[in-house]
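Listed below are the structures to be examined.
Here subunit A shows up in two complexes: once beside subunit B, once beside subunit C.
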Partner chain A sequence: MTRAVARRIASGAVVLWAAATAAYLALLAAPGDIVDSLIGDGADTPQIRAQIITEWNLDRPAVVQYLDYLWRAAQGDLGRSYLLQRPVGEVIGDQLPPTLRLAVAAAVFGVVLALVLAVTTRHRWVRRASSTAELIIVSTPPFLIGIVLLSVFSFRFGLFPVSGDQGWAALVLPAVTLGLPIAGVLAQVLRDGLDRALDEPFAVTARARGLTERAVLMRHALRHSLIPAVTLLGWLTGALLGGAVIIEQVFGRPGLGQVTLQAVGNGDMPVVLAVVVLAAAAFVVVNTVADLAYLLIDPRLRRSTS
Partner chain B sequence: MRRTRPAVVATALALVLTTACSAPREGTAAAGRPVSGGSLTWAVETEPITFNPHQYAQAKARLLVWNTFEALLTHDTQGGYVPWLSTGHQVSADGRTYTFKLRTDVTFSDGTRFHAEAAKANIDQFSVDGYNPSVRAVQLRNLDRVDVVDPATVVFHLRQPDVLLLDFLSSPQGAQVSPKSLKEAKNLKAGGPDLAGTGPFLLDHYTAGQEVVFTKNPAYNWAPAGAGHTGPAHLDRITYRFLKEPSVRVGALTSGQVQIIEGVPATDEALITANPQLSLSRGLNSGSAYSYYFNTTHAPFDDLRVRQAFREAVDVDAVLTGVYRGSATRAWSVVGPTSPFYDRTLEKTYGGDAAKANRLLDEAGWTARDADGFRTRDGKRLTVRLVQSAPFVRDRRDVLAQAVQAQVKQSAGIDLNVAVVDQGTATQALADGQYEVFDNSRADTDAGAALNLLLHSGGAINRTGFQDPALDELLEQGQAASDQARRKTAYQQVQKLTITDQALILPLYAPADQIAAGTTVGGWGFEPAAGVPASAYDLWLSR
Partner chain C sequence: MIDVRNLRVTFVGKRQVEAVRGVDLTIGAGECVALVGESGSGKSVTARSLVGLAGPAARVEADTFTVDGRDVRGFAARDWRRLRGRFAGLILQDALVSLDPLRTVGAEIGEVLRAHGIGDRRDRPQRIRRLLTDVHVPEPDRRARQYPHQLSGGLRQRALIASAIAGGPRLLIADEPTTALDATVQAQILTLLAERRTNGETLLLISHDLAVVAKLADRVLVMKDGRIVEGGDTRTILVGAGHPYTRELISAATGRWRGTTTAPGDVVAEATGLRKVYGDRTVVRDFGLTIRRGEIVGLVGESGSGKTTVAQLLFGLAGPTSGHVRFEGADFSGVPERARRPMRRRLQLIAQDPLSAFDPRWTVRRIVGEALPRGEDPAPCLERVGLGADVLDRYPRQLSGGQRQRVAVARAIAPRPSLIICDEPVSALDVSVQAQVLDLLAGIRETDGTALLFISHDLGVIRDIADRVLVMKDGRVVEQGPVKAVFDHAGHEYTRALLDAVPTVEVSR
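Moving on, here comes the complex of A and B:
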């Protein structure tokens, strides 16, 4: 058991290092250098360039800068933001909680809605209507969903405030906007899983034992259909982080999405690297949770690993 | 929209909508008489990247700067200077010594007194390496040293005459920060509540990505002569909420979630003007007009006739109407139309003549046409490239470029290749000369500062590559002369040379800011000279 945990941690660390390195190389390969980005569309003279280079120690070879970055990162020092002139840890620390709140609320909403949809829309035409609606939601840009929800529920009826991270009321619309496409995809996957499970011989056996169709669905088939859905947890994390960029912009919410967008646009390397490492860490955690969830859902896997 | 002064009405006859200079305080009449107290929420488009005025680089953040900070000078509505934290200044006959008398009744919000040592400390701060190399290399290029004569007198010694010192001393970068803050602030370059100024508001708190809140400075009692009132600000509290999406800002205003917004896109203006509870006003920005600069260092724009042809091929009015639905003000010069140096005689002297464009291109040898209908010379297509950096694209300038692209293709067979790319790629293209058209507008309050950067042969963003000692001489005259009339003459010659004679530039429109507010809000308007939304000092909310 301890060996398994140690292996997990070690592989997690390797993933983080690989992500940081890949991001570092990508930024290095991107056209234009950091000095260009910092100058932006402002005045550009050799003196200004020289000062920026001195300020950020950019005159050292790329390898030295990279090793220095790794050494500091390992000690928990993520550096200073070129653009915001504040420690990166502080920038990320300020913006992480609102994004987490949004992501958790959206995930919970999306998962619950998907389960409800998959289980309740089993009849022919309801099922077709739900499935069509899900496909429409999944193929609509979240930006548009957000604007429509805002126009109706905030601007027209004044039920929810538009902006900011200010209590539950302000969280409803962004979480729904971010959660709807997730519900759409998950509901499709779950429904597909239910269909397949209900065709299996065990379903026939269960029915033969006199179980009601509802009991077969809830107690047996649902468990089977969860396995492919859990596999999507990694995708879910990506959808939440990527979606947050747009949702936060539309709703004027603070959060990592805004910070990331600004950092990428301005070549703010320390912030971009920190966000990449954070996202990689989120994936490692989520995948670990997914692996544990498999064991919980499917007893057969528990036997084969022990 | 109601106006209160005869001068404003007169100006409105000349311009379709009010401009920066004509209406420093809009909406006053609509909301009645000023009331003290209350709090207000203002939705703004742009989140400042810094709250340290010395690091200021976003014209859109200027309205926040003046809530907490003030400068030695400010602008009046006639394009001149009025004292703010100073009581007056004198310039020596050789134009190299500026002596400022300072106010003695001003206190920073951290309790420090404002005096000559503080003013010197603010200038000296720019000598700290890495603090703001750009200001040191551009605005303070000619500054030799600052001397303190007595607590109320400070002297600026210049290496050579430079009237733009006054522009600097009235700009956010020239704003006065408490010397104590300069030493002790936790994140000096980022600014924040621990950076003390002398302004009518105190920065209460800043939530990145969401809002910044200011509260009234009750001790404030040193408003400049042109302000709408004296004493402390009317509002107890003002919240600026960052709403980047224009339609969300407009929706927040129409649903009463915020009382005032800035940045109303042309497509949403009808929503405001159709609503009797709301009013809208536009202010033209100072500085340089949004223009296309032709790269003269290589073909095809090394040929004057091709530059002229490109200008004639574009029907600017039609393009602007198509993209901005008549809300944009056409520019005829690189100098913005509200600047005292603007040369009105350039209006309607060029452009929009497709027949002339085709004749000029024929003369220049671009006679053949390829399969796509573009002109060619020696088998090479007449292609010109415009590279736009995505983070700096605003006002739908990418759409505008597409409209110009369609026009020059249709009217003259010119292939305008528009690429919207990341900042790094854009800088690379400019550095390597891989562009023929460069687009830019600058928000400098003194247009001369913009012209120095854009047109002088040593200018930091001279993207035309055009070098002419006579032009440099004129620009230097404009910067050195302390007499406004002589400056005007010099800059008019600059405009004639670059716009009429050399056709280096295609001016497109004068950048503007828009404010929309509910009728309960009074005292809003645009800053004189800069033409951007003014600070919250004169704002009030009727009850």
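Moving on, here comes the complex of A and C:
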């Protein structure tokens, strides 16, 4: 088990290195002078140019430039935005908490709702109704869901603030908007997993022991249905990161999505590079968690790794 | 204990299926009753109906339906639950899938205790240990903490039985309890079931193989197409079966030799000094074999004896660590796959489970057609294996197990091979269907002169079809010779143990 964990962490580090390197190569491959790329739409003065050349070691051999970049990244030094005249770490550090709050709230809401739906709507019309609703939600663009929720709950009933990030009330609608499609997809996958598990011979054995249908579902089938759901964790991260950009726009929230959008628009390369590495890190963490979750859920997988 | 009159079970859905059409069944306390029939005869559905587990789509009706002295026709779900596990325990075929693979064996057994509130939390481990000891599982404490996949087939089945008897039921329903097991393990499980019976439990055994249940059962009921075609005490049925279907089952259970003693032809394949090492384990050592034209050679051994590895080496799917394979006079093991490929058509394989060996999205026409020269009609090939043109456009899933294996044979003989390696080709089939497939393979040898290497864990099957036999244990051949000689005067004790384990029906008239 410990060896399996160590191996996954090591492979995670390799992925991070690859992402950082790919971002660096993209910077090199960009047309024009590397200094121009780093300045973007920012003020172009001889002082700033000199600053960039020293900070990125552009007067030294290419290998040194690259190794130094990696070394700084490994230490968490993400460089400096010459456009905003602030360290990138600070820019992102300011905007990370609201996005994190939104993502965690949406993920928790989505997962809990999916579990409740999959377990409680098992039969007849309730099941059909729930399944149809899930499909409709999944096929609706998130911004549309957000606008509908806004117009009903904020404009009409005034239950939640229209925009901003003041307190928990402002988090509710964005989190629901981001979490609903996640709940839709997960509920479908979980329901399918439950159906499969309940068809297996061990479910018959469990019933033959005198268990209630609920006990067979909760104690046997649910765990089996989690395996395909865990596979979706990577997709979930992507949905949260990508979704946050849109949701933050719709609800006028501060956050990483806003920062990314602005950085891309203004060609603020240092920030873009940092966002790429950060996104890669998020994927690495989530996929490592997913791999470990498999081992926790399914003892059959432990055999080959321990 | 059980009294059922005119039981009818219908599966309602898009297409109504009458699985059971009027079955009468009485089981007295302490009795052992066997329900015998092929897949789809309705025997499992009948048995599951007795504990209300025929399934949500099943409509169960009966004129009389008494279980444990109570009329169950008006039973609600909770009434059934009280019977299950407490009055009747259910043992299904393969414990690898019949026990929850994600939970420990101990948790599975403990679940029965918990569901029926037997004992309290603290003495449950104690009870689980005693149950595992009762079914002769060594090191019960360690085993209780393990998962089903960590146990051998035999131990797993014992654990499943332990979970079935945990609630102290008076009736045990065993649905094909030994079908997935090697012969020697099968014999042990049957002994264990016999032991439960002397313990005072009543047994309902369900099997497709008359030989398995004949030793244990007081009474045999033969089922076909949802009806009981014949029933009576075991001896009477075996000696004086009236129904042709029962006679077919008996002849399948007693077996018939299809081998020949005529001199075989030229050498087709030859293996010398084969050795295969995986990591630090030697799975095959010093294996030698010569197969000649028109010969059927049996290779027998338990799971893990190395027989499948031998098949892979002969087939060129794995390279030997040392030793050589020659095929039709040419080097086969020492050359690259590119050189082997032209010879491949002359060397075919029939696998145990055609369902996984066929592409599920291909029709029979395409599966067989692939093995034929482009544009050639696959119908004559199917005709040779006794299948009509009506199966041509069906998919593997839409065929019965026997039909699927016939398609596998058709595909194998289509390129006119000189050698067919058959890896457990009938192990997944009912005995009556087994006999038909064996007849078919023997016939192919007769007409085409094709040599067959027949691999099986089932000595009974080898005895019925092979001319010569090799017995493998722990990667080496411990005994070989003509079938008659080996089986009548087994020299090695392992061969004798395998032979003793083969369930047979002694019909004395």
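Simple rule for what comes next: the second predicted complex is superposed on the first by the 245 of 306 C-alpha atoms of A that agree within 3 Å, B and C clash if a C-alpha of one lies under 4 Å from a C-alpha of the other, contacts with A are read in each partner's own complex, and residues count from 1 in each chain.
As a convention for this text, a contact is a pair of C-beta atoms (placed from the backbone, for glycine too) under 8 Å apart; a residue touches a chain by one contact, two chains touch by 3 or more.
What you are looking at is a predicted structure, and each value in this text was computed from that prediction instead of being measured.
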{"item": "Partner chain in contact with A:Ala215 - subunit B first, subunit C second, else both or neither", "value": "second"}
{"item": "Touched partner set for A:Thr45, first subunit B, second subunit C, both or neither", "value": "first"}
{"item": "Touched partner set for A:Asn57, first subunit B, second subunit C, both or neither", "value": "neither"}
{"item": "Partner chain in contact with A:Thr120 - subunit B first, subunit C second, else both or neither", "value": "neither"}
{"item": "Of subunit C and subunit B, partner touching more subunit A residues", "value": "B"}
{"item": "Partner chain(s) touched by A:Arg300 [first = subunit B, second = subunit C, both, neither]", "value": "second"}
{"item": "Which superposed partner A:Phe202 touches (first subunit B, second subunit C, both, neither)", "value": "second"}
{"item": "First, second, both or neither for A:His224, with subunit B first and subunit C second", "value": "second"}
{"item": "First (subunit B), second (subunit C), both or neither touched by A:Ser11", "value": "neither"}
{"item": "On subunit A, the residue positions that both subunit B and subunit C contact, one per complex", "value": "none"}
{"item": "Interfacial residue positions of subunit C with respect to subunit A in the complex", "value": "48, 51, 53, 77, 81-86, 88-90, 92-94, 97-103, 111-112, 115-116, 147, 149-150, 160, 163-164, 166-167"}
{"item": "Contact footprint of subunit A on subunit B as seen in their complex", "value": "43, 49-50, 55, 57, 129-130, 133-134, 136-138, 187-190, 207-211, 241-245, 247-248, 251-252, 254-257, 389-392, 422-428, 431, 440, 453, 460-461"}
{"item": "Partner subunit C, residues of subunit A touching it in the complex", "value": "200-202, 204-213, 215, 219-220, 223-224, 297-300, 303"}
{"item": "Parts of subunit A lying in touch with subunit B, wherever the complex brings them together", "value": "30-33, 36-37, 39-45, 47-48, 50-52, 54-55, 83-87, 91, 94-95, 98, 147, 150-151, 154-156, 158, 161-165, 248-255, 258-259, 262, 265-267"}
